[in-house]
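Common to both upcoming complexes is subunit A, partnered first by subunit B, then by subunit C.
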Partner chain A sequence: MFSRTLVWVPEMSDNFTIAVASGKGGTGKTTIAANLASYLTEAGENVRYLDCDVEEPNGHIFLKANITTVENITVDVPQVDLDKCTACGKCGEICQFGAIVCIKEHVMTFEPLCHSCGGCRRICPADAIGKKPVEIGRISVGKAGKIDFVTGKLRIGNVRTPSLIKQVKKHITDDCISIIDVPPGTSCPVVEAIRGVDFVLLVTEPTPFGLNDLKLAVGLVRQLGLPFAVIINRHGIGDERVEQYCQSEDIDIAMKLPDDRKIAEVYSSGGMIVDLLHQCKKHFAELLDYLECAKEKLNEKRRLRI
Partner chain B sequence: MKELVVISGKGGTGKTSIVAAFASLAENAVLADCDVDAADLHLILAPDIKQRNDFIGGKRASVITEKCIGCGKCAQVCNFDAAVFDGPVNDLVRKTYKIDPVACEGCGVCVHFCPADAIEFKDAVNGQWFISDTRFGPMVHAELGIAEENSGKLVSLIRKQAKQIAAQHNKDLIIVDGSPGIGCPVIASITAADLVLVVTEPTVSAQHDLERVIELAGHFKIPTLVCINKYDINRKMAAEIARKIDNRNIAVVGRIPYDTTVTKAQIAGQSIIEYSNNGLSEQIKSLWLAVSERLAGKEVG
Partner chain C sequence: MKIAITSTGQTIDSQVDPRFGRAAYFMIFDTYSMDFSAIENRSIDAAGGAGINSAKAVIDTQAQAVLTGNCGPNAQRTLSAAGVKLYTGVTGTISEAIELFKTGKLTEAAEPNVQSHFGMGT
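Moving on to the complex of A and B:
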């Protein structure tokens, strides 16, 4: 365990990326990410909040940002010039996703299946395949008070979640603390969202479902080799098994947020718990102490590497 | 045979607890857990696995180190930054390339363009899927490997298997615990289903997500019903949700109060119906009745 006596020193703010994730949805991950961003800002830090839960971005509900720019995000799919095409069939052979096929004299594309690997374009001997951008979603950038706010939103019916997340993460800079709101689960969008971050906070609930999904999430962050700790939300509603598990696996619990009807009510109407509920501040102060220690460890590692 | 898919948009609204309760109320159903990313239904249904199968969702590249000449072509053609100059030394070069299995999309482009034929392209086992018996009937479920992709494909596979089992055993209903979100797994969960039930709760976040999933179900033209769970944590918002979706001609077929029984039943490994006989069970029974009637083709609301 880290000691909890250190205080947060503002000038250490640069270059630290924290991902707030959860195996299971609805554990309060966004609440914690948004409140952490707000609390850090209050402590004098420069903070950027990046909502990578692009299928259902909810950070804006809590942070109420003023959006200044909106960017359409596109991916490239093949555009076949039928005049140049010799119907050799090579594009269909290389495509692993059935997104382009050559039947007799005719080449057809199925855009929703395309992964934009560019294989067909590279292989085409007749130089008949160009790029066509298709929109997969949008990224909005603005300010929520002093917090730099970035959010992605996937287009309905689109499946290119990881590609959009990658674009949201391009907004990370190394002169501030970045907080990433990660989509729930443990599959490809989550991997994309947490790759390369400095620290992961896994938010869970003390219930059997919460524990099951936490175990999966722990497996994922361990496989990616990322340092992490657990946050137990609604502490008190369930049983002790999550804490027992963390203890037996030697996993730090960075914060326990109690189950409290007041928190649920503030949350339900989109309020910030660190602003409205005094007792929550204490918990977030502890979390900050914890993160400060985690960051110290990282800086030490960085120094050793240089 | 009918297929009911229960989804939630946002997770944590009590979707799986409701599916488990439906499982104990349905007379003749097959259960399918399509929340492959964070499968929880098995914690209540305690399936006895009868058949175990590997799930091969796609392919994956890997460098045969001895053959690599370190030319970097793979990194140049890979659109997913999966080929990295970080492989071990061999007889030819001091450093070779290797493929990051987590980043690899399995597109095969590097395999084709490697001048030394040094990249293998093999089937990737992305997880396992199971056919099981439960106290409420047969169940199809899966475990996606850690950090694996292709969950949409796995969802489609589970639904297909559940349909086959339903046909074999003369079951008239498939109850699917769907995936969260609006991306590829949930699209695979709901396409061509007979009915979608969205479980939501009266919070700004859930309301926001509800609109997105309703839009998605509309996009695929699937009949949709809504159940508001924990409606009493914010009655005003519950009423607002009901009014909003009424404008879209979607019926609210259930209003379930906040009740700690849900968590207690979960801890006991039982469905809400098995665990208690209180008002909550009655509410869920009437929700089930409304859903069954709609599946039978009647208008409800």
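Moving on to the complex of A and C:
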């Protein structure tokens, strides 16, 4: 079955980062990301799966990783030394988020609003602002079989999603294929998760909702100048409009995963569809072929740039 | 004393804006001289911290009381730090609100009456 992947030349193994994203939630990002990781591993590649959907990570349900290390992630927020503070108000003027404000003789801080830019600390003429670490979440690292597994989990009530995603992405190394499970939508956490990747797979479903949110996601990846293709999950439901849209916009469809009860059953029991369903292997093999071409094109571009 | 009323417009016939942080204007009224002026709220489209920055803007006008519809916790904390009195649940026109205040018919709010981000997207 895996003979076709032999055409995946050895140098492909290193330094290729694929983000699996979608405008709409629940289209199958994690299913695609986890199964792609598993399929590539079986094909002999070194793979790292990074769950950047830190608000509700669920890759562990499918990849069942053995976690070996857990890291607490902190960010710095201002701590004001009121003895040194001259109440000049410059800290409040520079803060774009209202996280620090000078009211008469008092400097007040609002930690949940702070984006840790450090602006207040730098502008303070009295050197009255220090930094204090606050925990925003945790990153767990382990192994799911041969797959290197990394997952971030934001603390409940915390809104510093991009900061945690940035830390998860620090685990990307250039000696393997990295697969990023991106949060749904098109907001800041998504931008942070896909920034700098080599390729984006946009998972959608062939419904009006899927199409609407796909268009938003396409707008985002185009703005970021990232190469991308679409994956249609649950193909067969809904209508043809997603395909028509892709055609009219000259967007590649890298895979069409059919709407099949068997896939839903395997998924619902936390299983891997590439392991249990022969027909899915075929679809992932095609996806791999597609990614191989995409990688080749990227290498070509990189060579031209050099 | 000066009072600040959240307003949807720039005249005393304008309606009270039900949002504090994202009010269109702050109407500053001097109860002694009867002078009033409208200041534009620069935080109306802020990504975050609208309540805090609105509170700061109001405090800078030397207002000692705020009359509004709803006020969230960050704005309330900021106003309170400056000793500004807060009256929530105020409706009607600016002139009606002033009248209610002058005749002592408003009760001071000790706590915010809405959560953060209440006034967003409205």
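We adopt the following convention: the second predicted complex is superposed on the first by the 297 of 306 C-alpha atoms of A that agree within 3 Å, B and C clash if a C-alpha of one lies under 4 Å from a C-alpha of the other, contacts with A are read in each partner's own complex, and residues count from 1 in each chain.
Convention: contacts are C-beta pairs under 8 Å (C-beta built on N, C-alpha and C of every residue); 3 or more make two chains touch, one makes a residue touch a chain.
Everything numeric here is computed off the predicted structure, so don't read it as measured data.
Undergrad: Report for A:223: first if it touches subunit B alone, second if subunit C alone, otherwise both or neither.
TA: first
Undergrad: Check the contacts made with subunit A and report whether subunit B or subunit C touches more of its residues.
TA: For subunit A, the partner with the higher number of touched residues is B.
Undergrad: Is A:96 touching anything from subunit B or subunit C once the two structures are fitted on A? First, second, both or neither.
TA: A:96 contacts both subunit B and subunit C.
Undergrad: Would you check which partner chain A:125 touches, where first means subunit B only, second means subunit C only, and both and neither mean what they say?
TA: neither
Undergrad: For A:23, select first, second, both or neither according to whether it touches subunit B, subunit C, the two together, or no partner.
TA: Only subunit B; A:23 stays clear of subunit C.
Undergrad: Touch test for A:106: subunit B only (first), subunit C only (second), both, or neither?
TA: Touch status of A:106: second partner only.
Undergrad: Touching A:239, do we find subunit B (first), subunit C (second), both, or neither?
TA: first
Undergrad: Could you give the residue numbers on subunit A that contact subunit B in one complex and subunit C in the other?
TA: Touching subunit B in the first complex and subunit C in the second, residues 96-97 of subunit A appear in both lists.
Undergrad: Mind pulling up the subunit C residues that touch subunit A in the complex?
TA: Going through subunit C, the ones touching subunit A are 43, 46-53, 55-56, 59, 74, 77-78, 81-82.
Undergrad: For the complex, give me every residue of subunit A touching subunit C.
TA: Against subunit C, subunit A makes touches at 92, 95-99, 101, 103-104, 106, 108, 110, 113.
Undergrad: Mind pulling up the subunit A residues that touch subunit B in the complex?
TA: Checking each residue of subunit A against subunit B gives 23-27, 30, 55-56, 58, 61, 94, 96-97, 115-119, 122-123, 154, 156-159, 161, 183-189, 191, 195, 205, 207-209, 212-213, 216, 219-220, 223-224, 237-239, 261, 264-265, 267-270.
Undergrad: Note which residues of subunit B are touching subunit A in the complex, please.
TA: It is residues 8-13, 16, 36-40, 43, 58-59, 77, 79-80, 102-103, 105-109, 112-113, 144, 146-149, 151-152, 180-185, 187, 201-205, 208-209, 212, 215-216, 219-220, 233-234, 237, 260, 263, 266-267, 269 of subunit B that touch subunit A.
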